[in-house]
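Read the structure below first, then the notes.
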Amino acid sequence: MPDGSFAHPQQRQFNPYSENGGTILAIAGADFSVIAGDTRQSEGYSIQTRYAPKVFRLTDRAVLAVNGFAADGNVFVKKVKQRLEWYRHAHAKDMPLRAIARMIQTMLYAQRFFPYYVYNILGGIEEDGSGAVYSFDPVGSYEREACRAAGAAQSLVQPFLDNQIYFKNQQSLPGQSRPLHLPLPEVLSIVIDSFTSATERHIEVGDGLEMYVVLAKGRSIQGLESFRGVQELTPNPDGDRVFVIRRELKKD
Amino acid sequence: MFRNNYDNDSVTYSPTGRLFQVEYALEAIKQGSAAVGLVSKKDVVLVALKRNAEELGSYQKKLIKVDDHMGIALAGLAPDARVLSNFLRKQAMNSKMIFNRPLLTSKAVYSIADKAQENTQSYGSRPYGVGLLVAGYDESGAHLYEFQPSGSVLEYFGAAIGARSQAARTYLERNLETIRETESPEELIVHGLNALRDTLPQDVELTYRNTSVSIVGKETKYTIYDDEDVQQWLDKLDSVSNARNRDDDDDDDENADNEQQDNQQDQQQEGGDSNNNEDRMETDE
Amino acid sequence: MDHFPTSWGRQRNDAYDAYNTYPLHQRPNPGHDAFADSVQHTQQPIVTGTSVLAIVYKDGIMMAADTLASYGSLARFKSIQRLHSVGTSTVIGASGDMSDFQYLQSILDELIISEFTEGDKHELGPEEIHEYLSRVMYGRRSKMNPLWNSLLVGGKKDGKRFLAYVDLLGTTYTASTLATGYGAYIALPLLRTAVEGRENDLTEEEARKILEESMRVLYYRDARSLDKYQIAIVNDEGVTISEPQKLVTSWGFAEGIRGYGAQTQ
């Protein structure tokens, strides 16, 4: 017991991990994918910075969100990006999403006995043009899903997504069916609501919100045009496209 | 037949102070088809002539991307170039990993020069049989370097390596002023192709199949144009065949300053460009 | 950011004390001396420096640290320099273990020299130094042999200001106001109030004043601090690290405090 007494002999060791708070989430649509994260980085009760991105564009159709121990996260993203660059050198094209997902599992599992203390969520567009989300645990277990939240406010956000995306605990009206995939504007509102709510209820969430939207090749930007401050990151409007939308969150 | 006693290994000097193995390596570059590089204020262009071993075969790659800001053109043994470009890619990645900065062109080229020099000084090793033009845009601007198997490195405004590259150099020298002042990347590419055109053997024209074009610059990531994508550039030329072929003007090949070189050149020319097949596999043709 | 370097890199003990109800200074003791058994890895710091503060201002960045290196509660070395220039556009400031910091200085100095000898006129800027430092720090933590420091890296190169943090875990971040150690609790709120949103307006004079005031507050509150400190400035002219200067403090109020100390009545 840390009571400052010498009553109990203690052997303590250097702890190579820390937790830096924040929350990430991703939702897949029929032909798009939204990957989002807040930008606060904290340790304990201290806010280290109000802007430390947790979501990264990997290719024109893959975006990775990383949450947990920030140092591990940054190094991991850097290594993933370099592996993707080698792939481009070898094959003269971007690695497909499902291949990136498998690669991430391999890279995570390679550190099975000294894990990267990070939760990854990979979102983007598959080769067949469908929106996809892959979620990982720190040692590489992964699966493809329609939506996933991770990080400090996972326990607040995931039940909300289960209800809003999977329609859990909802009774549909007679003769009405539930859509398999929600349209983009609805998904974006759910993402924004998730983060404003998590900001209200969790001290480690807040400051800023970054939402990446990946649109399948050929899909119109319908549903995005009404959003203010949408910024396109891809140079080529004929292929898959990546957009980012930034919003402020409460800073208290 | 004359036998040279001083070329059995790369570490033994001849009594006249030469390293024959290293010089032979430099000859290997001339066996390869030409590559041309040129620099304006904010762009670097590499163009190269590709060769195919046979009619039905594919063309040997002449341009290799190293990073978004750097690429190389090769003449000589293509496998050696692949080893070197792979090493350069690793260096570029390392620079990003450790300092989060793009690899400087000078650092890149000196890193492979050091590797090449080692081979000229260790017993049992073979010098690289390839020459490279290294193009890069970094924080100090646009750069073009020539790498040689001897380990020597020089920076150029315009350079050409490979078979009949003297003709290209002549073009670059004559047009240096305009090339240096060129603002448009398109114009720079056209100058590059004009120079490359002058290296063409008889009865050969620049086609989208045998020509590779690449550019890197302030606003342009290193981009390679191959096959059908090359046609847009060829369309900008007044002619795709070389001036000598057009008006039967005879060649203006370099005036080598010693016997040995003269001899080799003669052999090369005698052997003809059309049927010199014995050691083709080894080169980038 | 915990005030006590001894506590850095330790497990958070939320299970026992989720709301920090026990006083900060009552940390569990290791129970034995650091040299008791052959120590292979730095498992705890020995001679430590306290907070470093840094802010961005109009013309560049400014950093401050006192000159004390403590041996536990003993003020062991009173004129240690904790600000160090790296190249011509970067300064680093360190809290935590001073021997580890001096080792880092020698690594960085070597790096600068080897870059210089390349002769390509390129000089490492603050961003590159910070990236390199974070590779070193993360590499060492991954070998379970950390360099027990929290470092601030600041500078200005090609007209671009840069300020960032890196610590023994390899954790990094940037902000316009940064503080390590106790400073993260006491000075950082003051710095944020004074600086945030005014980064492009603050003059050198104002910036200096903000830092001096924060150093004074720290000296009043941090038992491991000293009233002798240095200020480093990086602007277009390069790096300047001031001579040690004295904080003006008044302790007159102490007379009126009752309940402890030497008062008789």
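To keep things simple, chains are lettered A, B and C as they appear, and every chain counts its residues starting from 1.
As a convention for this text, a contact is a pair of C-beta atoms (placed from the backbone, for glycine too) under 8 Å apart; a residue touches a chain by one contact, two chains touch by 3 or more.
No experiment lies behind these values; they were computed from the predicted model shown.
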- Outermost chain relative to chain B, judged by CA means, is C
- Task: Have a look at A-C versus A-B and report the one with more C-beta pairs in contact.
- Result: A-C
- Note on the structure: Taking mean C-alpha coords per chain and comparing to the overall C-alpha mean, nearest is chain A
- Message: Nearest whole angstrom, what separates the Cα centre of chain B from the Cα centre of chain C?
- Response: 52
- Could you put a whole-Å number on the gap between the CA centroids of chain A and chain B? 46
- Inter-centroid spacing, chain C versus chain A (mean Cα positions, whole Å): 33
- Message: Quick check: what residues of chain B touch more than one other chain, meaning two or more?
- Response: 97
- Query: What residues on chain B touch chain C, complex-wise?
  - Reply: 97-101, 104, 106-107, 110, 139-140
- Note on the structure: chain A partner, complex, touching residues on chain C are 1-2, 9-13, 16-17, 20, 22, 26-31, 41-43, 134, 138, 141-142, 144, 146, 165, 169-175, 184-185, 188
- Query: Can you list the residues on chain C that touch chain B in the complex?
  - Reply: 118, 120-122, 124, 127-128, 131-132, 135
- For the chain A and chain C complex, residues of the former touching the latter: 1-4, 6, 9-10, 12-20, 41, 43-46, 48-52, 69-71, 74-75, 114
- Message: Quick check: in the complex, which residue numbers of chain B touch chain A?
- Response: 65, 89, 93, 96-97
